Amino acid sequence: MQNKVVKINEACQTIQNGETVAIGGLTIHRKPMSFIHELIRSGKKELHLLTLGGSIDVDLLIAAGSIDRIDAAYVGLEILGFAPNFRKAVEGRVIEFNEHTEYSIMAGLEANLIEAEFIPSKLLIGTDILKSLNYKTFRSPITDDLLVAYPRICPDVAIIHVQRCDEYGNCQINGINAIDLLLAKSSRRVIVTTEKILPTEDFMSVPSSTNLPSTFVDTVVESPFGAHPTSCFPHYTYDLWHLLHYMESSKKGKTENYIKQHITDLDSFEGYLNLVKDDVKRVTVREP
Amino acid sequence: MRNFTSDEIMITCMSREIRNGDIAIQGLTTPMAIISYYLAKATHAPQTTIMQLAGNILTYAKAPPQISLLFNEFEAMRRAVHIGTQTEVYEVIFKRLESIVEFFRPAQIDMFGNTNNSWIGSDISKLRLPGGFGISDVAALYPRTFYYCPRHEKRVFVENVDHIGGLGFRTKGEFDQRRDIHIISELGVFEIEHESRRMRLSSIHPGIKIENIKENTSFEILTAEKTQQTSPPTELELQLIREKIDPLNIRRLEYLSGKTRENALLNILDKELSLTI
Amino acid sequence: MQNKVVKINEACQTIQNGETVAIGGLTIHRKPMSFIHELIRSGKKELHLLTLGGSIDVDLLIAAGSIDRIDAAYVGLEILGFAPNFRKAVEGRVIEFNEHTEYSIMAGLEANLIEAEFIPSKLLIGTDILKSLNYKTFRSPITDDLLVAYPRICPDVAIIHVQRCDEYGNCQINGINAIDLLLAKSSRRVIVTTEKILPTEDFMSVPSSTNLPSTFVDTVVESPFGAHPTSCFPHYTYDLWHLLHYMESSKKGKTENYIKQHITDLDSFEGYLNLVKDDVKRVTVREP
Amino acid sequence: MRNFTSDEIMITCMSREIRNGDIAIQGLTTPMAIISYYLAKATHAPQTTIMQLAGNILTYAKAPPQISLLFNEFEAMRRAVHIGTQTEVYEVIFKRLESIVEFFRPAQIDMFGNTNNSWIGSDISKLRLPGGFGISDVAALYPRTFYYCPRHEKRVFVENVDHIGGLGFRTKGEFDQRRDIHIISELGVFEIEHESRRMRLSSIHPGIKIENIKENTSFEILTAEKTQQTSPPTELELQLIREKIDPLNIRRLEYLSGKTRENALLNILDKELSLTI
C-alpha cells in the first residue's frame, strides 16, 4: 500500500478532456462537489458523465460547458424539482442524454466485476427506454429466448466523496451508499475526496466498516465539507436553501453569475466554503 | 363534507395494499409512499420490512417514526439494522418479487397501464423530465405493480403515453405475462383488466362522482355496473398520519406547484431546523 | 420482519431428499456442522451438494450416504491432506463430482443477483476443467468472440453458520466470509445456524457490520459451537486434533463408527458437544 | 555446505518476484507463499498489499507478523483494515491483473507450463486430488503466473499433465496471448520460453547440479549455454524467515509426508496452543 494523497488540483490534472467521468453519490446526497468545482475551474471540456442520479453536480457542469454527454437514470433536484440547465440543454439538444435505468447502469458496471463480456437479461424488453439505448438483442444459446446484451460500462475515472479514509485509500462510506462501490470497482481510475484522512490504525478497530478498500482506489484528496450543498451523513445534511437559491438564479438565466461568483472567481473550494459559511453552518449537525 | 383530505385517503389506500410480511421499497421523492409504509407497519402489517435508498433495513419498535424533509437520510440511518447498497436493493427485489411493494409516481399513465417519466410531447424538445430511475426495470417484473397519482388530470391520465417507461399492456406480446397493475389517484382506485388490457375503476373515493373521473381522464375508463366506494380512513389511520407520521404535512407537497409549493417547503424546512440541529 | 427462529430438527425437516443444498463456510472454516449432523441423523438421501471448498462437511455426508452429487472447487482438509471418504467415493464413482473452479461457482450464483440468464465470459476456455463442466460456448453478439455461457446456479437451500444474528435473520458474519453472501442471495431458501441470537437493538448500533440482512434469510436456528470441529472466529479455531482423529478413523475404514458414535447414536448436537467437550475446550478462545 | 535449506532459498526466490506496490494474494494451504509475502514487505517491497482468504487487506506497521498454523484466520483478522469476500478478491484480481502476485502449488506441471490439481492417471479412478480451487481461473489471465514446487520430482515435472487445470502453452491457439509463467522449485527457477513454449532453466540454486534437475524431471528442460546461479538468501532474509516470520518452521510441512508430517504438525500445534489460548 502506498500513500495516495494529493491536492485537489493535482488530482484534477489527471483527467483529460473527453474522458468518461463517473460521479458517485445520489441526487442531493454525497456528491463530490469540491471536485465538480475544480473540473469547472480548470476548464475541462467534452467530458462524458456517468451517474446513477444527478442533481446540481450535473447541472453545474452542463451550465459551465464542461460536458457533452451524460448517462444517468435520473437528473433532478428531488423534492425541489427539475434541474434547470440539464432540462434546457437536453431539450435544446446542446448535450446528448442517454436515459438509463438503474438496471442498465448497474448491469453494465457489474459485467466488469464478474469478467463478463456483457450481461444477458430480459429486463426492459418492450420499453422505449431500451430502444433509445440501442442495445443489441440476441437469442440465448441455452434457451433460445430473446435477450438484451447489456454491454460493459468502464468509466475512465470515478470521483467519489467519502466520510473518512486513510492515506492508502481505505474508505468508510456511510449513509446512502448508492452504487459507489460498483463505480469504484469498474472504473479504470478512482479519485476519492474525503471529509477527513485518518490513521490506518483507526480502521483496524472496525475493519467491517471499511467498505471501499485501498485496492480499488488510486488517489486521495482531503476535502472537508466537500459535498456541500449536497449531504454528507452524519456531518451535514443537504442544503435545500442553497439549492433553492441555485435554482432561482438559474431560472433567471443567471447560472453564469452563480458559477462566476461561487467557482471561477475563487481560487479554491475553501473560498466557496468561506463565501457560503452561514449556509454550511445551518446544515451542519452538531457532534453528539 | 369529508373529514379527510385527498392525500389522506390515498395514503390509506396505499397502506392497505401492503400485506403483512411484505418488503416495502422506497424510491426517490415519494413521501406519500413512505408514509403509507409506516402506516401499514403501525396497523395491519407490523411485519413489513422497509428498505430505503440507503439500501438499509429500517426498523422501529413501537410508534412509527415521524418523516422528515431535511433529515430523511439521518432518520433512516438512525433506525437501520443493516446498511446496504442500491445493488443490494435490486438483489432483494429479484429474489423476493412476490413480496415486494413499491409505489411509483408516473408523469403519464395510459389506458393500458403504460407509464412515462421521460419526456412529454412528440420528442424530447418540449418537456424533458428527470427520468424514471428504476420504474422501467421492475414495472413488468413485479406480479403486483403500483402507481399513485396525487393529481388526477387529463395530462396525467392519457390515452397513450408519449414514451413507454413502465411497461403496461399496450401490445399483446410475449412479454405480457399475468401480472396486476394498480393505480391509486385522488379520485379512486383503478386496475388494468386482464382481458381487455384496459384501465377499470375498482372503487371511487367517498365524495367523488363518476363525472369527476370522466372529466379528468383523457380516455374512457371501464366501470362496473355498480361502482364500489373506497372505505374511508379510520380514526386511527388519520391520527397516525396527522399526529405521528407526518405532522409537518410534508405529504401535501405532492399536490402543490410553483410559488405555493416553494413557500410550503420553506415553511417545513424552518420548522424542522428549529427543532433538530 | 417476522420471527424466524425454529429448532434445528424443524429446519432440517424442510429439506427434501434430492434437493440441492449449498453449504457455507470454506474448507475448515465456519462450516454448519450441527446442521450436517442433523442431515445425517434424519437420514436425508440423494442430496446434491454445492460448496466452494468442502472438508469434513462433505466427507461426512458422503460417508453417511446422504449425497449423490457434489459441486465444489476443492474438497480436502487443507494442511491435513485428502478428505478420505470423498476421495474413495469419487475414485470408485459412487458419487458424481463436478469439479468447479471458484469462478464457475461464483459466476453461476452471481447471475441470479443481476438477473442475468447466464454469465458470458472467456474464462477457462482451453482447460479440461471447462470440458468436464460441459458448459456451452457461443459467439458474442457484440464482438463475435468465442464465449462460455456460465449457466445460473440456483441451490434449493443454503445452510450458513454465523456468529450472531437477530430473530429476523439479520446476520453479522465475521472472519473468512467466503461466498456466503452470494450463496444466501442466490439460493431459494436460506437456513442460518448461529452461535447466538441477539436482540435487534444490538445490531442497530453497528448496522454496517450486518452483512447478511434478514431479507435474504428464511430460517434461524440457535446452535452454539455449531461449527466444531471447523472454526468460528473469534470464538474458536478449527480443531486440527479432532480432524486428525477423524482422518485416522477413516483411514482404517471406520468412518461408520465415527458417525455412529458422534452423530446417529446421539439425540442432538448437544450430545456431540458433550462427548467432545475437551476437544471443544482446547480450541475455544478465552474472551478478551 | 549451504547455510540455508531448500524452503529458505525457495521462499527468497518467491519473495524477490514481488515488486514494490504489488497486490499479493494468499490461497489455500500455502504457508511458503504467505512467508514470501511477509518477507518481501519487510525487505524490498514495503508497499505490498496482502489479501488473504478472509478477503481482508492485511496490514502491519513495522516487524512482519509470525505465521500460524492454528490461528491463521485470527492473525489475519487482527491486522485487517478491511474485511471482504471471496467475490471481492476476484474483483480486485480482474481490475488489477498487472499488479497481482499469487503463488500456486501444482500437483503436476508439464514442459509447456500446464498444471494439474485434479487427478493423477488416465482417469479419475486412480488418484482424485482435492481440486485446483482458483488456479484455472487466473492462470491464463495473469501477465505473470507463478508456481512453486517444493518437491522437484519426476511425478511433479511431467511431460504432459493428465488433466489441464492451469493453462500453459500446450496448444498454439487463440488463447495464447503473451504472458509469463515462472516456476520455482527446490532445485532452481524456471520459465516457459515464448518461442518454443517449453520450460527453460533460468537459474540453478547454489549447491545443485544440472544432473539433479535432469534426474528429477520427466522431460528435457532447456538450458542456456552458461547456467546462471540463484543468488542465495541474505543474512537478513534468513533471519526474518527463521526468527520473525516462521520460527515454528511451519514451512517445512510443505516437504513432509506420512507419519513424519503428522508428528511435525502435532508438534507445532502443541507449541502454538501452549503459547496462545
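Residue numbering begins at 1 within each chain, and the chains themselves are lettered A, B, C and D in the order written.
Note that a contact is a pair of C-beta atoms (placed from the backbone, for glycine too) under 8 Å apart; a residue touches a chain by one contact, two chains touch by 3 or more.
Bear in mind that the values here come from a model prediction, so they are computed numbers and not experimental data.
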Shared chain contacts [chain B and chain D, defined touch]: A, C
Whole-Å gap between the CA centroids of chain A and chain C: 39
Between chain A and chain B, centroid-to-centroid distance (C-alpha), Å: 27
Overlap residues in chain B, where contacts from two or more other chains coincide: 77, 83-84, 87, 90
Multi-partner residues of chain A (at least 2 other chains): 103, 106, 110, 114-115, 122-123, 174, 208
Those chain pairs that satisfy the touch definition: A-B, A-C, A-D, B-C, C-D
Chain B-facing residues of chain A, complex: 26-27, 29, 52-53, 72-76, 78-80, 82-83, 86-87, 90-93, 97, 99, 101-104, 106, 110, 122-129, 146, 174-182, 231, 233-234, 237-238, 240-241, 244, 282-286
Chain C partner contacts - residues on chain A that touch it in the complex: 103, 106-107, 110, 114-123, 136, 138, 140-143, 145, 147, 149, 151, 172, 174, 208-209, 211
Residues on chain D engaged by chain C in the complex (per definition of touch): 28-29, 31, 53-55, 69-71, 73-74, 77, 83-87, 90, 118, 124-137, 140-141, 163-167, 171, 173-175, 253, 262, 265-266, 269, 273, 277
Residue numbers on chain A that touch chain D, as the complex places them: 1-2, 112-115, 166, 170, 185-186, 200, 203-204, 207-208, 210, 213-216
Chain C-facing residues of chain B, complex: 21, 23, 47-49, 51, 56-57, 59, 77, 79-84, 87-88, 90-92, 94-96
